[in-house]
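Read through the structures below before going on.
Two complexes are shown next, each including chain A; its partner changes from chain B in the first to chain C in the second.
Coming up: the complex of A and B.
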């Protein structure tokens, strides 16, 4: 489905938002769509399957696949477990997808908006990650 | 709103490619250059091949208009004059488009 042209010009890195709270994840995704636009694929997940706070590996995998682009996917996370579970989710992807997913070391809201802005310009996964992490590097 | 062409280092070499195109425009957005305008400006700048820099006052350093973090950090206040300079093949179109965007108060994108 996604191998029409390989790396077409309009392919953009996808964004995944992983928070302990579904409200935060959804709110962050809303901000990205409103501020950057809907051309970048954004998927989010938050909370555990029982409706409480937490992160969940199968839900993260689902979000990655939903935001999938041949150019890759950048994940933005909040606290500790979101990062470790996201890394676990990446390891459980199909082998050919693993190298095309990165977890960004960036604040979740600012990182998501800046990563999506960079992605909208057609940048590579590495460029998108670098822009998201620009704030933490300073 | 002004648009002018300046040769690098004040020299006239008559070659299109080395030209630096500059423009300036007053920021009319009520909240100044905050997050949403910064994203719009960056996204538009990225559509051009030209190298594009902006600054919010004559004393400030030029920053890369394609870097969303730097444009957000600009914190230009309402009524400040944004200066834009660009070099490269589509520099003229880039400066004109960015001046339009700011002058029109960052309308929601058209096509």
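Coming up: the complex of A and C.
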């Protein structure tokens, strides 16, 4: 799923999509790839540990590590539990990675596309987050 | 005096079994005002805790609480995982920092409650598990040393859970329902009550 390894990726913030539904997460990632291209590293996950609707800390940690870039990773989430579980996952990362991962307060599909677009231009993690979160400001 | 591993083990077993038995009730409450998965999520998490009972029973109390917390975080699959998980992780941290059970119970419990509040960015009065945890903390503080402490805690938990029914949710999934959340007991408040009652019943039976 995350076969987008290339020289360029180290210069771009990675994107993680966390939904209660694996289908929504995958569909969002597909949209990002089609609209933004494949140079940005995108990982996604969805579903609880039994495969039903929900989110799941181990899978989120795995997705963050898959999308990892030295410039950081921006996470887009859908509903409350996805946010809480993503924050928990960030705290459980290796200490040197924790400060380089943010959970964006943005709608998941639009936020992922906007964040990836900004990331593709080589922006910093803060810029990527700010662009995604502009969607929630109105 | 400090908490004995076998006491902790029996408390954990009772709490886990009671939550698992209450899964249908928790799910029904969550179907009314949430997304209907609280019972199955808590059941999954506490089944995983039961699966580690021997490990938990062999660990010192601080590590045992952290094992419970981490297990819940990794297996629950909903917001209640990090919320309950943070409670046990923080309580474990408090014990690691030279607090003792049962002597420092209120203080250790306060650390757990503080972690839940921080994790959920929530305060009492928002129709959440904190509406049970905070009143129970208050009882632990004010009734410390009272021979009837266990009874008081059980009564506080049960009354506090019931008091969430008329509240309007402003945090969590139920907040999307606004005024329609009024009239239902909060599922998280109920699961906190179930856990606390199981602990109280077990302690009482051992007295």
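Here is the rule we use: the second predicted complex is superposed on the first by the 128 of 138 C-alpha atoms of A that agree within 3 Å, B and C clash if a C-alpha of one lies under 4 Å from a C-alpha of the other, contacts with A are read in each partner's own complex, and residues count from 1 in each chain.
Convention: a contact is a pair of C-beta atoms (placed from the backbone, for glycine too) under 8 Å apart; a residue touches a chain by one contact, two chains touch by 3 or more.
All values derive from a computational prediction rather than experimental measurement.
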Original post:
With chain A superposed, do chain B and chain C clash or fit?
Top reply: fit
Original post:
Taking the superposition as given, does A:36 touch the first partner, chain B, the second, chain C, both, or neither?
Top reply: first
**OP:** Classify the contacts of A:56 with the two partner chains as first (chain B alone), second (chain C alone), both, or neither.
**Re:** second
**OP:** Compare chain B and chain C by how many residues of chain A each one touches, and report the one with more.
**Re:** C
**OP:** May I ask you to decide whether A:118 touches chain B, chain C, both, or neither, giving the answer as first, second, both or neither?
**Re:** first
Original post:
So, does A:84 touch the first partner chain B, the second partner chain C, both, or neither?
Top reply: second
Original post:
Touching A:92, do we find chain B (first), chain C (second), both, or neither?
Top reply: second
Original post:
With the two structures placed on a shared chain A, what shortest C-alpha distance in Å links chain B and chain C?
Top reply: 26
Original post:
On chain A, what residues does chain B touch that chain C touches as well?
Top reply: none
Original post:
Can you list the residues on chain A that touch chain B in the complex?
Top reply: 34-37, 113-114, 117-118, 120-122, 131, 134-135
Original post:
Okay, in this complex, where on chain C does chain A touch?
Top reply: 35, 37, 40-41, 44, 73-75, 77-83, 85-86, 119-120, 172-173
**OP:** Can you check the complex and tell me which residues of chain A touch chain C?
**Re:** 20, 48-50, 52-58, 79-81, 83-85, 87-88, 92
Subject >> chain A-facing residues of chain B, complex >> reply: 35-36, 39, 42-43, 46-47, 66-69, 72, 109
